[in-house]
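Quick heads-up: structures coming right below.
Paired with chain B in one complex and with chain C in the other, chain A is shared by the two complexes that follow.
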Partner chain A sequence: MTDLALTAPPIAWSSVAPELAMTVAVMALLLMTIAGRRRMWVAAPIGVIVTGMGIALLVATGGDGSNTSVAGILTIIGGVGLVSLTIGLAGNPRILHSSIAGLGAGTALLLTGWQVLSVAWNGGGPLLATVAMEGSVALDGISLFTRITVYLSTLLVLPIGHAYLHDRGIHRPEFEPLLLLSATGMALLGAANDLITLFVALEVLSIALYVLTGSARRDRRSQEASAKYFVLGAVASAILLYGFALSYVATGSLELPGIAAGMANPAAPLRLLTVAMVLVVVGIGFKVALVPFQLWTPDVYEGAPTNVTAFMGAATKAAGFAAMLRLFIVAWAPLADLWVPVLAVLAALTMAYGAWAALVQTDVKRLLAYSAVAHAGYATIGLVSRSDAGLSGTLWYLLTYAVSTLAAFAAVIAVERRNARAVVIHDLDGVGKTSPVVAGILSLAMLSLAGIPLTIGFTGKLTVFSAGIGAGLTWLVVVGVVTSVVAAFYYLRLIGAMFLHDPPAGRPAPAYSPGWNVGATSAAVLIVFFGLQPRFLLDLADLATQLVR
Partner chain B sequence: MDFIGEFIRTIPDNLVALCVAIPLLGAVFSGLLTESDDTARWGALGASLLAFVASLALLLDFDPAAGVQAVDTLPWIPALGANLAFGVDGISLVLVLLTTFLMPLIVVAAWDHADNIRGYLAAFLALEAAVIGVFTAQDLLVFYVLFEFTLVPMYLIIGIWGGANRRYAAVKFFLYTLLGGLTMLVAVLYLYQAGGAQSFAYDDLVNAAQGLSLVQQRWLFGAFFLGFAVKVPLFPVHTWLPDAHTEAPTAGSVFLAAVMLKMGGYGFIRYCLTFFPDATRELSLGTGTGFFSVPWMLVLAVIGILYGAIVALVQPDIKKLVAYSSVSHMGFVVLGIFALNSTATSAGVVQMVNHGLSTGALFLLIGFLYDRRHTREIALFGGLAKQVPIYAGLFLVVVMSSLALPGLNGFVGEFPILLGTFQAVPWAAVLGSFGAVLAALYLLWAYQRMFQGPLEGADNEATTDLTPREIGIMVPLIVLIVAIGVYPQPLYDLVQPSVDGVLAAVNGQ
Partner chain C sequence: MPIGAYYLVAAVLFATGLVGVLIRRNLIVLFMCVELMLNAVNLTLVAAARMWGGPDGQVFVFFVIVVAAAEVVVGLALIVNIFFRRGTLDVDAQHLLRN
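== the complex of A and B ==
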């Protein structure tokens, strides 16, 4: 009798370690919500279990300082943190929930750092690229850098939005779990190496975002935004899925490297592949808001609660571009002659449309929405460069954009809390005099988004422009330069309103909260620090060029 | 204590970096670290004086024949091959000295500025640090970054502390210069990529530029040229300047005219000429065929000279008059630079210093008068020489310097420029010399309307003369104006070897 025992494939937990931490945080938060007043009896045991797992990892390796034992130590930190937060903040469930979410994101960020240093580090050479889970998850530059951007954004957006949610009365227990789930989906999107994983990750992040967008239940604009985002997003997902299906038919593979191999086959049906590629451009173009698929952006950005908008702008863009980079550079590489011109033209249109449309906006969130559209165009320059410099340039650009846009929305939140309504440019009049901190942070963010030197935004523009010129796309870079000047005009309008206008009498100063102070100041510090000395993370982005092919 | 001793021992090796770092630290101190306005004032004055001392120390160690020296290099962005490299040659040094010399005077002139003095002084010190960085950068990316960064403090200075129409002027200034700067960025990146340079180091890029074809050189020259021409400013991209000057506060006008415009002239010499010698020869001497048989640079310079002078003639506002005279005078500088011979080009550099001194002094004097009268309408003044003799006397000296009276500094710059240009392209020198005539016309006419004739009107009769502090600000300027006018040789000795080095590269020797 033959041995019928099935051998389960080993699961490489290390490749999704940060997502595990996030998932544990999500589970803990959901269970705590169900447990209500007895939340402590749910959260503490989870913390103990996590700590126990960490100790087990440590014991298993004998604490020899190997990779696994470092992961064990990080797990213990997470577990102990969970227990102590639960006990220490037992009297204040709101802050407890936010803190646990922050702990989850922080641990995930630490574990990402651990992945970089212990799994992918290659002694200063390009990061090692490996696959796990039967080839469906990639551990390489794109996935690691996207994780950094996404988890950093999550970590910053949580404290910034805490008091704001409270003010608007929309701080319900499902908020943080949904935010973390969305972030997990984004991180997975950056790591997805086959079409199924990619699609599932995309849906995880999107569905959570649809709900988050509509979380201001009494606000019609929020409801409208949510409905719009959901309907258009579902259509885009369907189109994307159709494209995936066609490319599977054409190449017989779901894994991205397999698709590339299938295309290299001379017998591959080129016409079918072209249709598939067009559908994919449409679907993914919607997610990252490339013109002409950007129509949802201003409405959704305007209607969503501002901290959700900030998260959407910062992290979703990074995740969407991660998927785009992987799809086009890995899977569709053989068809580069086809998609490079298409995407280059779309990038030019996106930059131009975003810049010009933003010129006439008076609502600050809408203005930032159009600026987000324009920035999608800049990031695309790196993609269509199809070079190592372009790849690392895009990854770095997304991080710079995430940090700058978070700082910008943080300032909007501070003003909006005082206003209790949408912020128009006029509301910023004289903020420089009444509250220099908010004005300073928003100005830094604007200068950074405009790409003025000595801010992080300049280094981002520099890397993608440099990659674009290196790839012979000088015309596209010139478009980028011209639109940058146009964009500088409306960024300056905000700075001008704050510093050059006088505040109307009797208007209260923007509202601060301790969380906001921490989050917004950190974003501002990152803008300046990486503006002055980008080498640490820029070097990492530079090493992130090795892909699973 | 060892640490301090060690630090002091390293000072002589890091003078250039100190010239950049001291104002920067001063800006942080005055703007952020102190709550007291007085501490901020003294801090700013201390920082600007220290920077001046550091630049003087640099001068003592300087060897004009040795090319770029006192180089300081710190790694910055290894991924892009960019280093924080600073160093000076003769051209850089005189401009650094001009900046550090004027800065303490600017701080003192801004002393009683009421509105948020801490931020005001911090913006100026940050600007000083950036400008010194621009003049000394030996790495093109560092140069570009600082060149663009100067926009931000200047935008704030005009926008926050400026006159009634300040928003328009500030935004116009920002967008004009940003457009020029970003065009240059494309060229910088193209040069880096196309030339296959390993880094943004100046020498590397000069080598990389050797491989460019003539057509590439022309395009890149054009892009760099636009960036610098906006700064100088050269006709037809000068229109931001009169607005910026009229709206800027006194100290802002002084810094803008005396120092920031020089970044354009410096850029021409350091980058346009050395990176693209073939395109430079074509465009400035008209040695090519067809479109390139016209010496376009000289044409633009002459248009700037004459246009600025003619428009200055009809200005009712004395500050605007001086602003347009800047367009005219900077036209002389550009004329000298692109005449491409040792006499004219060296004189172009010297004239940048002279223009900085005389126009800076003019803007200071106009500021003093504005503080008293809150107007700059020439028609509202008259016969002031009787009422404010010291002021009128100083004004006359500065006006004479500005219109290039022999014996004062303007002459020793302008005359060799015309002389050198005459050797290269005679008609340009002839046309340019009309600018000198017009300068005498509009400056003396303005002087006559303001200071001579009968003293009429209660306002004019109530105008008070300069205070000792104001005289104190003017004395160093007047001393230098006369000293350079009488004995310009030391200045030429500093500048000429470096200029000759540049020209040797341009002429392919």
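== the complex of A and C ==
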């Protein structure tokens, strides 16, 4: 009999601490759903157990103020929060479920902050890059910054969509667990350092999103969107997977640094690797919606419930690009001469097509979908720059895009709740007069997406464009600037409709709810605050250049 | 048997699945084509694991199988729901979402 303690490697739980918090929240929510009316008797003990684990962590470290004891304190806060929410909101299960989901995402965000400060912080130098779980999980700039973006989006989208889900009658108890699972998959995707972890994380996020897209079960548009997303997503996953398999055939490694080492070997079969690269570009291009693989985007964005669309736009893009950055900058680095031109051309096509196609849209969600396509192109500029500035530029760009797009969809949600059907541009006529707050938030989001100075979007565009120029990709940056000008036209068209047109008589005013107020205001404040004062997070993005290699 | 034969069979399987996805219009058939593609990947991975003499390719196969099973569950649930709503599984019959 072998002693298991000798053979089993220790598991570095701290490297996935935020995901653990999310998983605990998912388990609590699922068990509460099963328990039905007795949900208190499930959630409270889970909270007590979590608190106990936090105390154990504190005791184990002796409460010496070391970094682990901070994690212990955060765990205790999470556990106590869970117990008090359960008792305080016992009479209102819907709000209780949303709050617990928010608590999970909030704790995850705090734990991410703890990871930045305790593990990766290097006294102002580039963040340290370490691996855990036998090299499967990386703890470095990409993973930490992706976590911030994803968990922030989750935290914002939960309150924004709460009343909307209620209005449409699609707020079933599985909604929050699926949203949290999807977010966990996204965060893991940013941290995955081998192909198995990457694939599993990608599928966790995708499968949860297929269900969320189709969560309006009686709405045929939602069902159609879900079916399209599912079929195209599954095909894209299979293509990506075949690319992974072929790169394994060529290099004999599933770990990203190992793949890079295998490719650097002059004996590596170049033709096979080229095929693998094309397959990976196609597969991941589908996920982040690069032209010509963007066909699903407008349909899925339009058909999905609007808060799911917001989450999809904000967080999935960040996670997909995190995987793309890691795959191409770490694993495919030796073959940069092959993929840089391909991705640069795709980026130019994506920006041009997204801007052009959005011009003729009347449905606001479709318009935002094409704008999402265009923004995928801008984020790719940072990737093809292949520099530290490009890497941090892309990470920062994704955060700016996530916040702006969440604010935009929040405004759409407010209008759609009273409208009770898809929002077209004419539905925005005169919103500036009937409800200045919604109009203000949508205008702010549009200005930010267009990249007007003093908004967060401007700082994002500035970083990726300067990274592109620094890498000698002036033509690509010129395409980016020209398409930004075109894009500004349709963003300003929405603002014009809101403020220059008169509201038709009898048009109901957009709906507010307490959660929406909190979420949308936070998003708007973030847009302005980081537009004026981007230093704090931009510095963090600038430090996020050290990768596991 | 040379290892290349396995790769070739896998490539043919994958191409069959891909062509099927592109030309067939029934959701269930599309779904079967995706499964075919995933199994082509599995065959490639197992052959490559044999070639490199390591376990990681075979481990990957288990993950692919599990994920494919999860995908089947979600996919069939969606398909059943769509069939109840519309009475057909033809993807061309869906046209609510258009430019």
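Here is the rule we use: the second predicted complex is superposed on the first by the 543 of 549 C-alpha atoms of A that agree within 3 Å, B and C clash if a C-alpha of one lies under 4 Å from a C-alpha of the other, contacts with A are read in each partner's own complex, and residues count from 1 in each chain.
Definition applied: a residue touches a chain if its C-beta (ideal position, glycine included) is under 8 Å from a C-beta of that chain, and two chains touch if they have at least 3 such contacts.
Model, not experiment: these values are computed from the prediction.
Which of chain B and chain C touches more residues of chain A is settled by the count: it is C.
By the touch criterion defined above, A:Pro534 reaches chain B but does not reach chain C.
Contacts of A:Gly252 after superposition: chain C is touched, whereas chain B is not reached. By the document's definition of touching, of the two partners only chain B reaches A:Ile452; chain C does not.
Of the two partner chains placed around the shared chain by superposition, chain B is the only one that A:Val478 touches, whereas chain C remains out of contact. Of the two partner chains, chain C is the only one touched by A:Arg220; chain B is not. In the superposition on chain A, A:Phe489 contacts chain B only, with no contact to chain C.
Shared-chain residue A:Trp121: touches no atom of chain B or chain C. Contacts of A:Ile469 after superposition on the shared chain: chain B is touched, whereas chain C is not. Shared contact residues on chain A (touching chain B in one structure, chain C in the other): none found. Residue ranges of chain B in contact with chain A, taken from their complex: 75-80, 141, 144-146, 148-149, 151-152, 155-156, 159-160, 166-167, 170-171, 174-175, 178-179, 182-183, 185-186, 189-190, 192-194.
Chain C meets chain A in the complex at residues 7, 14, 17-18, 21, 27, 30-31, 34, 37-38, 40-41, 44-45, 47-48, 51-52, 54, 56-57, 59-60, 63-64, 67, 70-71, 74-75, 78-79, 81-82, 85-86, 91, 94, 96-97, 99. The touching residues of chain A, when paired with chain B in their complex, are 392, 432, 447, 452-454, 458-459, 462-463, 465-466, 469-470, 474, 477-478, 481-482, 484-485, 488-489, 492, 496, 499-500, 533-535, 538-539, 541-542.
Of all residues in chain A, only 195-196, 199-200, 203, 207, 210-211, 214, 217-218, 220-221, 223-228, 230-231, 234-235, 238-239, 241-242, 244-246, 248-249, 252-254, 298-299, 302-303, 357, 360-361, 366 touch chain C in the complex they form.
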